[in-house]
Amino acid sequence: MEPTDIKQALEQFKEGKLGMESILELLDPPPEVSLGYAHVDLHRQQRCGYPEVIFSQGKTPEWVEGVVEKLLEAKQDCLATRVSEEQAQSLARRFPQGEQDRVARTFWLPAERKRDVKGSVVILTAGTSDLPVAREALVTANALGAHTDLLADVGVAGIHRLLRHRQRFVDADAIVVVAGMDGALPSVVGGLVDCPVIAVPTSVGYGAAFGGVAPLLTMLNACSANVVVVNIDSGFKGGYVAALIARRAAGKPA
Amino acid sequence: MEPTDIKQALEQFKEGKLGMESILELLDPPPEVSLGYAHVDLHRQQRCGYPEVIFSQGKTPEWVEGVVEKLLEAKQDCLATRVSEEQAQSLARRFPQGEQDRVARTFWLPAERKRDVKGSVVILTAGTSDLPVAREALVTANALGAHTDLLADVGVAGIHRLLRHRQRFVDADAIVVVAGMDGALPSVVGGLVDCPVIAVPTSVGYGAAFGGVAPLLTMLNACSANVVVVNIDSGFKGGYVAALIARRAAGKPA
Amino acid sequence: MEPTDIKQALEQFKEGKLGMESILELLDPPPEVSLGYAHVDLHRQQRCGYPEVIFSQGKTPEWVEGVVEKLLEAKQDCLATRVSEEQAQSLARRFPQGEQDRVARTFWLPAERKRDVKGSVVILTAGTSDLPVAREALVTANALGAHTDLLADVGVAGIHRLLRHRQRFVDADAIVVVAGMDGALPSVVGGLVDCPVIAVPTSVGYGAAFGGVAPLLTMLNACSANVVVVNIDSGFKGGYVAALIARRAAGKPA
Amino acid sequence: MEPTDIKQALEQFKEGKLGMESILELLDPPPEVSLGYAHVDLHRQQRCGYPEVIFSQGKTPEWVEGVVEKLLEAKQDCLATRVSEEQAQSLARRFPQGEQDRVARTFWLPAERKRDVKGSVVILTAGTSDLPVAREALVTANALGAHTDLLADVGVAGIHRLLRHRQRFVDADAIVVVAGMDGALPSVVGGLVDCPVIAVPTSVGYGAAFGGVAPLLTMLNACSANVVVVNIDSGFKGGYVAALIARRAAGKPA
Amino acid sequence: MEPTDIKQALEQFKEGKLGMESILELLDPPPEVSLGYAHVDLHRQQRCGYPEVIFSQGKTPEWVEGVVEKLLEAKQDCLATRVSEEQAQSLARRFPQGEQDRVARTFWLPAERKRDVKGSVVILTAGTSDLPVAREALVTANALGAHTDLLADVGVAGIHRLLRHRQRFVDADAIVVVAGMDGALPSVVGGLVDCPVIAVPTSVGYGAAFGGVAPLLTMLNACSANVVVVNIDSGFKGGYVAALIARRAAGKPA
Amino acid sequence: MEPTDIKQALEQFKEGKLGMESILELLDPPPEVSLGYAHVDLHRQQRCGYPEVIFSQGKTPEWVEGVVEKLLEAKQDCLATRVSEEQAQSLARRFPQGEQDRVARTFWLPAERKRDVKGSVVILTAGTSDLPVAREALVTANALGAHTDLLADVGVAGIHRLLRHRQRFVDADAIVVVAGMDGALPSVVGGLVDCPVIAVPTSVGYGAAFGGVAPLLTMLNACSANVVVVNIDSGFKGGYVAALIARRAAGKPA
Amino acid sequence: MEPTDIKQALEQFKEGKLGMESILELLDPPPEVSLGYAHVDLHRQQRCGYPEVIFSQGKTPEWVEGVVEKLLEAKQDCLATRVSEEQAQSLARRFPQGEQDRVARTFWLPAERKRDVKGSVVILTAGTSDLPVAREALVTANALGAHTDLLADVGVAGIHRLLRHRQRFVDADAIVVVAGMDGALPSVVGGLVDCPVIAVPTSVGYGAAFGGVAPLLTMLNACSANVVVVNIDSGFKGGYVAALIARRAAGKPA
Amino acid sequence: MEPTDIKQALEQFKEGKLGMESILELLDPPPEVSLGYAHVDLHRQQRCGYPEVIFSQGKTPEWVEGVVEKLLEAKQDCLATRVSEEQAQSLARRFPQGEQDRVARTFWLPAERKRDVKGSVVILTAGTSDLPVAREALVTANALGAHTDLLADVGVAGIHRLLRHRQRFVDADAIVVVAGMDGALPSVVGGLVDCPVIAVPTSVGYGAAFGGVAPLLTMLNACSANVVVVNIDSGFKGGYVAALIARRAAGKPA
């Protein structure tokens, strides 16, 4: 709340145009729901353009379900990532209307009102083994309301494969590039396009790949200036930010 | 070579104006200028929306000047980063019309035709010592044609400073957050806005800051979903990508 | 024993005021019990204010029980941490009067005489997945005789949640902040209070969280001056030191 | 400000007992001074018990002096750490009444009103080369209003030196242990006392000391439960937290 | 081939008892047995004072047995370390006369002729959980022919335990100190004795112990000059070198 | 598309047999087969001298089989590495004519036409436990058409074993040296021969071997100038490059 | 000592021309020259195809000159790398006939007899700043007798630059690819050729380039199977091995 | 002092056979001298067989001299290591009778009474650049009273150099092997001898040598069982422990 708004509200309050309850609500921090094990941030959608997303790792199925329930009660979209097999089964029983993607390890249950889909996100992978991470990006970008396209296995060892399909990604609003091992693909893609490239290193590989450290460093040092990086295996963040950019490019979110 | 040129060449070939050898030579990659020590990529602006930027570190002043000259001849904008004191002096003598920022260590010499400025980028720093990196971001975002605003020293140890100035960044199209040491600022900022946050870790700090590794890891693990990361001290990439996003949000680049 | 005390004692001994047994006890190192596989330090309580705590990892159930038994015989409080499922079952059979916390993986069996509880420790967690570590801190601080309060899932991505509940922790004598991933919470909390903040990094997260290295580094570089750090996942040390500080603030231990 | 207080204030405001200016001030975030390159947090003393401390590294002498000036104008204590030789000379000219410690690299200029000194902090060093870091701890703990004592070069290779001087530290309210290389001293000291031990790793040593990483890890893994750790070479944080604990033990800060 | 053998061969050659071809063949490296998957070095005992020791990790039970068999045929002592449960059972069936230590994961089958035992090795552990590594050291030192003594759980958090038992290790010819977590014990022990201390870091601990890296670094930086280090968890090397030193101190090996 | 084909097409175009649209379509990247989850690079053999090799890790059995099928259809050699037990069984059922090596974890199914075998590759291992990686090198070098020889367990602790067998490797065209732990063997071998040595570090060992990092660093720092390095445990690359060199030495590939 | 010499000596011995002592002395390792601070390996050329190369770092100018002198006396080629400015001046005075390359930091003085030059090595760099390392490779490959070609600044951000010049490297016998920062170039080049690619990571870059660690890891994980790696900044090894391969491809060395 | 001895002494004291001064001396901790900045441990020689050695790094010349003076007053040998040029000059002026080794950076001033020299230590270096560290080992071993021999530049790339000089080190009581880069020498030497090998990694090398980390890891993983390791560049510890072992082998220290 802005100082000038506060002043105006106070004046209205003094003049009786605003009741005690109303002004307290106005001066108050935004809504949350306390569950003991969680404080669900119901104001996230308003501040950040999308509701709180559930990071399921390290939580009991009950905890995950508890948060899902509160989001649904508040009529907000519900997306959970890193859903284990046990959590997935439990969620399926409780919320059969949710969409589960076993490869991406996601659970998605949008609120009733339809969202318009806009902006274009293309997801590329260097290899076939990067697909699970790429699908997490895809599901997330869809959930945020972007158009998506996935182009797999166009790594740089066969550079013509990438160049041949250039038309599929050159007009995107944002590109997510998912790659393990040498992580070289984002550098090359970045040099071919004029939109931001979100690089997602994966833990695919062995030995000196060090669980994704090698592609992470490659991507942080990408010689193309339009490449930014997210955490290892975080298809979620890759898809999230790409969708934010794409939607913004296609017109500001309401 | 552009598709229309290829078509034209093919027609000339068919008409016999172009021999087999010549046309084979022409079915060719886009223009570049070879300088022996460098191959200046004059097609970058067309592909990527901005010309090749000169990374000056490890180059002789002559090498830097040689590339500047070729970009100017091609009537392209010229931005050089990581300019040493020796390079700066040499560039100032040779190209007095260029803008130098000693704090940001940049040299900027735009081509004659004016660019329209659009989109809003806000740059925040956690501390005062992060200012040189922040200024590199500022100069770069300006060079790319975005409106910029810089808000310094609003780190999380005095969280009210950040909240008080929320209005200055909450409507930005993209935010660059520059922070060293604990690198906690992007997580907090990310939770307050609906646009992408480009986090730039700096080498400010000592001991277990490990030259910027600590804030780099913090930012890669940011709990806010809209945070992406670039290389340590890379104000350049921070400003570059933020401007790309902002311009796109304000209308596609021509 | 101080030289002057020794001299005095020797004089008393020569004069016959002190028997051989008494003076030997005075000159002797403090008591311990040898079990072959362990030397139980029965003097720890006197020196350090709390008996030796059993670190159960890597021990057979028999070894753990053997030490428990010796502590009980010496009428000292008994706390065991990192208790595996197998050890827990074995301890439950042998010492049914002990309190087990399956989430915290602790076993607690205080000696008979009641301790007065004093000083206030508040434990905060950034996320729900940090709860097991937080509970280890809670059990430990309770065992040491401090009042405790636990506030979960108030991470910085929804900063209003933390600010809203400020009253619950602002008057604490010591605060334990448990956080994984970006580990940003202690920096923010530290800037809101005037007591020491014990930061406990957790291994929650994936990829570049590197099993807790990321939050560990964040916390070591916290921009708030009142933040100290303990080992990754060491809820035990967090609760232990917080209780030491709190009890001391509430009046020196006897 | 608490909801109940807000309500009361609003009622007083409505009744005219509180003017617009007063209520706005009450609802407003705490004071700060903006200097362009810095936002000086003048509310820190009230929230955290001590004013903002100036981290001088990476700042121009003018920036450091600008913040010093604002703190003095606000009649707050002024402590600057990591003061370079150039900054020190500049500060000495401008604020000759400040106390400079060239070994500790600190500048200290307390506000006029006297503070009562209470609580006891003892600082130990493993070797002679650890003295600069230890002195930074000493100056800081003094600045915060604690009694201090410094005992140098009592490392564990000659364990009798430590045991002989036990009386000097066994009754402290908090102990700062400064050690490089193997960093083994805090573990031993921790086992001899009942107060918190703040371990400060130093970059003293070479080779596999890795600039302080070796003692940092040692201390994080200290087998004594009362040991907490701060950043490498951070005598400042060591002294700061020790003084917080000591003052609290000797009676709550006003 | 031994120098005396060469001389003899040369004499035989001169006398014509040995042809040119034969003597060229004989001027040859020392004996080995080739098994396809292994080249058993039967000359090791002569060169190094003890036969080749079998590192069992990553080998099939058949491979381990094959090497054991060849050593026995050559009438050499046979020691195998890192013996898995599967390998242990297989060895027990095939060589029931061998001594197996399940805790140490060793298999030992000395050749028939008795060795005289001499020199004194003492093995200390910081904690109870370090016992498996300590036992590997014990078995190895015994196998090499040294007198051994094992003193467990005398870590530095209760320094009096170590000092009380000083007499048990102060006259040793070599001391093996086995410790995980902070790895501080070798520094203290080194300062109490005049013989070499072989420090063995263990992977006991969690979090920032990093699987033994923390104690490894501590030990490499030990402030006592008589401390040397071997690989993490390598009780084998600790015991081996200690026995070499002890036997040498008690009179050169034959 | 091959240069000769381009030429032919151009001629057809000139003659009017090919329309503008058709020839533009033909001036095209080389052939590939798209499978949704993979883009099989059928041009690899022509460009690189060997078809695409399947990295099986992280792929479903169906994905692996799909690519095998496309390679066979294109009458290209098919080699798959890192084949899991599940994949191996599935491949065996589907392509019983393929050769499986369970130790090397490879599947090999050459195209019908016979390749001439030429050039000599020798593979050495430091220990018996390095054999699985060495066999992967062997299978790969065979697949590429080189003569191979494998000499196991000739590590430097018994240097005479290596020297005795020098004749077996001194005339090789390329040598693959597979070693874990200290990784010292390539340095010694490199000093004995005049051909390139491909060093393959393995994850054999424990503790400070850090999963192969120790031998990797050793090999990168080899004091012999003819030593190059590949990824940890990458017998595949070791054998691949050695065969490339050997075939080239024995006459250029067609 | 050569086999034929051994045979001759044995014959002389049999004939009594050589005493027992003399022949024992002669059955001896190959020639070397001892200089106190160095043992110059004069047999290296025979064993390895090129004489010992002088690594100048950390040596006094006198030590470097001493070794140069002994190589020249033995009529062997002399190549020194990592020559400091001080060493270079000293060498220039003493051996004015030597060739110095200030950028490559090399000194080269071939023996009199001419060597035939054969085999083709192409050296590529990703950026202009990689040139010093590339020149070290060039000088070394020349010294070993290969034809060389250097193509600078063809990094992957402008992939068409690389593709346009494909003809210059596609027929090489071996390619050296020198790259810092993301180190992505070798992966792409490897996919375009059928010869081995020697990847040389450089310390060009900043921040998360970690002095060359980033491109080193990228290259070790290169998705192209024909890529091998040498130490960071080791243009020397890159050029050395490439020349070995090229010469071998063009006909075995004499 | 043992309990039984204490008892006996007390009885003698009571009977008047032992005066107060005598019994206090017996019960007292060992002597030290306090200098404010240092507690000189004058009892070290008695406990550890050699007086405290001065680690000069990070100390003012005055501090170094102060400790030297106290050792000389106590008639103890004085050895200082890591002596900077400034400290060396200051020591030379004050104690001209001391022996300085500029390469080893040591200062040595033995007490008057002569020590008998016994036991044999041989020091090997892999390269010429390792000489400074090797000389520190030499000076230290001499100071401790061992016979020493130094053999430089016998690295494994020319293995015959090592084998040729085997006789010089095969009968040593302890061998110090100093090596940087690949650090492979200790593994080979260890396999040739029956005495302990103290491996000293050096920071010689560049790139992936990581300031000595590469040889450190190599040595910790040495495949020869008799290899132990000390800190990077610690010629001091190498020489110290080797001398301890050698003297012990040649007869127990008095």
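Read from first to last, the chains carry the letters A, B, C, D, E, F, G and H; within each, the first residue is number 1.
Please note the rule applied: a contact is a pair of C-beta atoms (placed from the backbone, for glycine too) under 8 Å apart; a residue touches a chain by one contact, two chains touch by 3 or more.
In this text the structure is predicted, and so the values were computed from the model without any measurement.
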{"item": "If a chain touches chain A and chain D alike, it appears here", "value": "B, C"}
{"item": "Chain whose mean Cα position lies farthest from chain A", "value": "H"}
{"item": "Same-interface partner of E-H, chosen from the options A-G, F-G or A-D, over half of the pairs matching", "value": "F-G"}
{"item": "Inter-chain centre distance, chain C versus chain D - centres from mean C-alpha coordinates, in Å", "value": "24"}
{"item": "Whole-Å gap between the CA centroids of chain A and chain H", "value": "59"}
{"item": "Centre-to-centre distance between chain C and chain A (centres being mean Cα positions), rounded to whole Å", "value": "39"}
{"item": "Multi-partner residues of chain G (each touching 2 or more other chains)", "value": "44, 127, 157-158, 163, 190-192, 207-209, 213, 216, 220-221, 224, 231-232"}
{"item": "Pairwise chain contacts, counting only pairs that touch as defined", "value": "A-B, A-C, A-D, A-F, A-G, B-C, B-D, B-F, B-G, C-D, C-E, C-H, D-E, D-H, E-F, E-G, E-H, F-G, F-H, G-H"}
{"item": "Complex contact set, residues of chain F against chain G", "value": "44, 47-50, 53, 173, 190-196, 198, 216, 220-221, 224-232, 236-237, 240-241, 244-245, 248-249, 252-253"}
{"item": "Residues on chain F engaged by chain A in the complex (per definition of touch)", "value": "28-30, 32, 36-39, 41, 43-44, 52, 55, 57-59, 63, 82, 201, 203, 211-213, 216, 231-234"}
{"item": "In the complex, chain C residues that touch chain A", "value": "127-129, 131, 152-154, 157-158, 160-161, 163-164, 204-209"}
{"item": "Parts of chain C lying in touch with chain H, wherever the complex brings them together", "value": "3, 6-7, 10-11, 13-14, 20, 23-24, 27-28"}
{"item": "Parts of chain D lying in touch with chain E, wherever the complex brings them together", "value": "126-127, 155-159, 163, 181-184, 187-188, 190-192, 205, 207-210, 213-215, 217-224"}
